[in-house]
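Each structure below is given as structure tokens.
Shared between the two complexes below is chain A, which pairs with chain B and chain C, respectively.
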Partner chain A sequence: MRTPSFRQWRPAAFAALALVALAACGRPTSTSSASDAASRVYVAPGEKDEFYAFFSGGFSGQVSVYGLPSGRHFKTIKVFSQDPETGYGYSEQTRAMLNTSYGNVPWDDSHHPELSQTAGVPDGRWLFINGNNTPRIARMDLTSMETAEIIEIPHSAGNHASPFVTENTEYTVAATRFSVPTPQRDVPIDTYRENFAGVLSFVKVDSSTGRMALAFQIRVPGYDYDLSSAGKGPSHGWVFFTSYNSEEASTLLEVNASQRDKDFVAAVNWKRAEACVAQGKGTREPARYAHNIVGPDHIARTEWGTSVTVITPMNCPGLAYFLPTPKSPHGANVDPTGELIAAGGKLATVIPVFSFRKMLAAIEANAVDTVIHGIPVLQYDAVLAGEVPEPGLGPLHTEFDGQGNGYTSMFVSSEVVKWSTTTFQVLDRIPAYYAIGHLMIPGGDSRKPWGKYLIALNKITKDRYLPTGPELTQSAQLIDITGERMQILLDFPTVGEPHYAQALPASLIQDRQLKIYDLAHNTDPWAARGESEAGITRRGRTVHVKMTAIRSHFMPDNIEGIQVGDSVFFHITNVEQDWDVPHGFAVTGINNAELLVMPGQTRSIVWVPTKPGVFPFYCTDFCSALHQEMQGYVRVSPRGSSVPLTANTTRR
Partner chain B sequence: MTTRTRLLLALAALALTVTYVLPLWHIALEAPQYPEGLGLYISIDGVTGQNPHDLQSLNGLNHYIGMHKIVPEEIPELRFLPVAIGVLTALGLLAAAIGRRWALTTYAAVLVAGALAGLADFWWWGYRYGHELDPRAAIRVPGMTYQPPLIGSKQLLNITAHSWPASGGWILTIAVTVVVLLTYLAWRRPRPVTA
Partner chain C sequence: MRATALLPTLLAALALAACGGKADAPATAAKPAADALTPFQLEHGIGPVTAPVELAALDQHEAAEGKVLFDQRCASCHKTNERYVGPPLGGVVGRRTPAYVMNMMLAPDQMVQKHPEAKKLLGTYMVQMPAQGLTTEQAREIVEYLRTLPAPPAQ
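This part shows the complex of A and B:
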């Protein structure tokens, strides 16, 4: 192995020097009076927040719902991870949600929530989020705040540049962070350059139902595709993906993928892609992938995809262009006018801002440095609108306030930098505690930002909260951006790691929230829509119990004739039609999960008793004054016992 | 009867028909756990929740104190009342057509008797719901009964019940009042002397 040369270490040395310089000239933190900040985030008891915010859970695999400006946590939406608290991913109705071509994958690493948009503005219909580990995109319904659909992305590995949507949610995109052999095959890793490729996937979203479908994939050079942002207004029809590792290294990327001065932003013309697909320029390649959909009966089922249309820039000229971008870019963010694209180079000393207009002109004038696998590399100076000089260290992500300002997170120097989208000069900076990743302004990635607040999503908290052993909380910080200077108002802990977030005014969705599921429309085959439909049946060694739950009893609540080793399916229907009255269900020794059943809903869980005896079951959600009385017994007899199968399904 | 009296009588009789669409009575319940409100509308042919599932929720709550389930299909009055309203409307129009004071007076008497009978019947249902409690109910408070007020407000354990006429009930009240007033005026005015 070669000894690393000074050339290789230069960025690190530079970073250390710059850090010292910045510390020397940094301005003192502006701290408003604590009571002033407190009054601006205070939401009095019984009052409601102004914004809903949806934070990714990172390694938790879920999405959490908060109110702004209070930072109060309302709910965690179960998406990619099993949740024994509610039975999500365990119950018969939800298990299929986690199916993939790798089998049932009961967790993931969720990174980027993305609200559906109409005319470039969040419309409050759906929320998408990517599963980074086992490439997937989930869609949540914002009236139930439940996961409605998960589609797996074949040929992809590390679905990081996802699930950003186009202006009218025509597509949600998914680009691979790790290039891999596509289709997957057994090859030596050091044949990376010959055998590895990246794919940019375009998932069509049905405009009325939200249902997703894998429309096509673009096979691109084997770089690491990191983040993306769709064009809007004049740039509608394009999506911009950042990439790093244009060195195409397959080992020790922290050094080997940091060699070149510039990597690329890939500008992809998806309308051109549609045309090429329509002209039959794509090839249909076999690819098995899971598509899990919650049906009108509220039961998730898997449909298996078997192939995907793949196009390449070689056979579809005009499909993609590379914009040279300094040093391992991370975020690529289109401003509200659709004209500017800010790219954050993790190791860069400036924030390059590209001009869409100049990009079109450069394409027209053929201002091309070189062509890589059919993708013209446009000249940096020909596409540049400006560079934000001396922004700080480690620029990652940019959001906009709609007032002509960009706000960029600086991971290494741990701060938010505000800059002008006309002069490209830094206007203000404020520290983040600590190591900010993404930042988010309500609507700050759309055509019409609501502005007002900025959320810093931080990786490290160290001394900011009461310590809790080695594992500390992750954190968000609420920053007021209404004034000339940014002002920090509030720190609040988050569930899991908040990579990215989205927010929208509460008024857009709060009145559309479901209160109950309509029992009359419950079409679950095992539903008992009333106590008269409760009952028990045996099919071989499988027993089905149709059980109702209402304050404060189960029907039936005495079951006999179960034998050791039977698979006992408890199908619990909550027959309440009253707001905020869920019932729980749990039985002694159940090996998977409890159930939490919403009014009007049916959830089913299987229990395999392992020993004879009489075992209680009970409601796990304190539902009423007589909640403690909401219980029952199952008698389990030895295998082959003659105890008849009975359940008391009539009221005594 | 003057033409004006006959016209007003006919209008009052026709006004009764609004009860085919508008509810007669509203019982609203206030409880700490129901910030969104809970209540029932009583109309001539049914009992419905003020929110879509209130009747079911109320029956659910009432089972704790052992109250009978309110099942509109089992209340015979709700089948009989639509017919009665139709008959009363027809009788009013007939009285207006006859145009004689005796007709008006007879009609007023029938109408008032009908209204009083209706109120008494409503009170009787409330009495039975409030008093005929399952002795095995989970919550038994010695001496406590749960009859809702006929009109006005009353505290029943954690629930405050308000009972007032609803839009149809008010229109019905006004119609009855008009007919009674017309009768009173008809008797005060001297009879036209006939030759």
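This part shows the complex of A and C:
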């Protein structure tokens, strides 16, 4: 079992100390704000947090799980990056998870966790996250908190505006950050305008199994597509994507993509898209992509996609509209009523808020400035509900509390701004330390936010913690939003860069957590569901060892007859059926990873010994009083040796 | 089990007493026989099985189910006729009551900490028996299987 490092529980420890010091018998004697804040984030030993929060790992490629309000880190879910600590991405059962059309890509840049929703509310079934580098979407199962599936997105480059879901998780979307030639081909970069395009991908999610399938792609102008959010309630059936670089620059974008006064929010009617696809208005284009799925036997396998249906706004009128939006917008966030769409223009001086109702009226009235590649550009004033004036510098991303307030992160002025969704006036502001990117309210992108806390997700910490050399942690800040004024309660460090997060009440999922995998239903072909099934076989230069692990021995634990250069597959089955008893496996000099095997599970790793000798293996996860005794030996003989292949399976 | 249930109350009482608050329970509620076992527990063990289990004629079907479970969940540490990690189990139903055997399977932590016989065995074998996530019904099936095993020759 891995314990969080000291830094992760330190805030709670300080909170505890502060509480103990100031309120020795549980009754605060001081009302100073520090002790007040401490008591509000203090979760006593043995008590549980109120919310689960899932943070993106950014360049770590993973997802980390925290409790709120304590900010305690519970787990890092392995998603896009190999993890030698557990063997994820190295073991025979998990290697295929990282297959792509580019080969095995053992890392990614994970940005936006997104909980599945039913009727516009997080339902606690699945969590999705995008891989930004090699375009992918992963789906995690929230009963095991493990990655269940990863699908690659072809024709895309930089899967940033992803994986936001529609109201009932009909789709998870994936829009390309970088426009590229689609399909990919060898062209001069300065032919950008002729040859480059963007794609908005709609990935269907099976409502009972969660299984993803690439339904269709919409080919759109060659802009950079940044973020999105789905309509809800009255706007159900639409998805809103921000775009920038409507200048279609291909060099020095920080200058050349910031020329125009306005870029666009693309409003896409996905029900219309479905109708066009059904009417055969799409074309089937070749596209090779990997779809990696963990089967009922807990083994990941790759299915290869070979083509995708592509539609264009030109061939499907009514599919998409552009809403002019000031200055390189980042977020396009739909409020809980489904009527308002707040767009954060990174370089803008206002936060424009669009009205869905007015957008429909503008379409009806043909209030159109121009048409780009079949996409009508609606008149700004015709679709505007209001502008939040002087919000600060660099509005990025907005969530809502369900009480008629929006909260927008301001990257440049590093603050959170609270504004009214009826008057569009700024009501309050609070600094973030430092360089806030996204923010998150539990359910704050849904129809029913749990508007108690807000998390600021910060890129830079500078002087906030003890310094750790040139590389410093990123951080999250917990802000109480129940009062008129926002109040900062807690800073805590994060694993990798927290681009975005999601949270939901713990009560929705905590009782559904798996404790073990059922050994009787372990169908891994190399499982040893008991010592009688343990053993060893040789097939040419490959040796398979089926080994059981239980507190506290491996069986077999003496292996002879291995030769230098053999590929030795250790298939370890943890035959425990008790909660929180993983076993580890490691052998001297193994070149890939150790294994961490959960109760009832089988994991396999290959070892190619390079020299003769006798090499120990042992359990790397402290399991019992006799954990130090949980060990064994492998004898490796020179190639061609006559030592017979043996493994003790019954000897005491 | 009774002692476990009392523990939080005792702790709460102590905590309140330490803070000088009013205690709902007497702060000195050290019941003299808190960890003494009842005659039932001595005979049938400590755990979820709290009534004697009567054996009828051997149920072959249940015994077969029990063998499958035994091979997966028990045989990594127990053989039937010789010492392995734990004691041999041939003839155990007879040496112990069926309820005792079931409680040992279902609540080995409690048994090893509190029952004099289980404590003695821990002293001999040195390995804390892990709980193997069995249901009461599964434990009963394993008892049925264990009934089919002859006692090993005298050690």
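Keep in mind that, in the parts below, the second predicted complex is superposed on the first by the 619 of 652 C-alpha atoms of A that agree within 3 Å, B and C clash if a C-alpha of one lies under 4 Å from a C-alpha of the other, contacts with A are read in each partner's own complex, and residues count from 1 in each chain.
Quick note on the criterion: a contact is a pair of C-beta atoms (placed from the backbone, for glycine too) under 8 Å apart; a residue touches a chain by one contact, two chains touch by 3 or more.
None of these values were measured; they are calculated from a predicted model.
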item: Touched partner set for A:482, first chain B, second chain C, both or neither; value: neither
item: Contacts of A:646 with chain B and chain C, given as first, second, both or neither; value: neither
item: Winner by number of chain A residues touched, once chain B and chain C are compared; value: C
item: Partner chain(s) touched by A:516 [first = chain B, second = chain C, both, neither]; value: both
item: Which of chain B and chain C A:576 touches, first, second, both or neither; value: both
item: Which superposed partner A:550 touches (first chain B, second chain C, both, neither); value: both
item: First (chain B), second (chain C), both or neither touched by A:625; value: both
item: Overlapping contact positions on chain A, where the chain C interface meets the chain B interface; value: 516, 550-552, 576-579, 625-626
item: List of chain C residues in touch with chain A within their complex; value: 19-21, 68, 71-73, 75-77, 82-85, 126-128, 130-134
item: Interfacial residue positions of chain A with respect to chain C in the complex; value: 24-26, 515-516, 519-520, 529-532, 548, 550-553, 555, 575-579, 581, 599, 624-626, 652
item: Residue numbers on chain A that touch chain B, as the complex places them; value: 516, 550-552, 576-579, 625-626, 629
item: Chain A partner contacts - residues on chain B that touch it in the complex; value: 36, 52-53, 56-57, 60, 64, 138-139
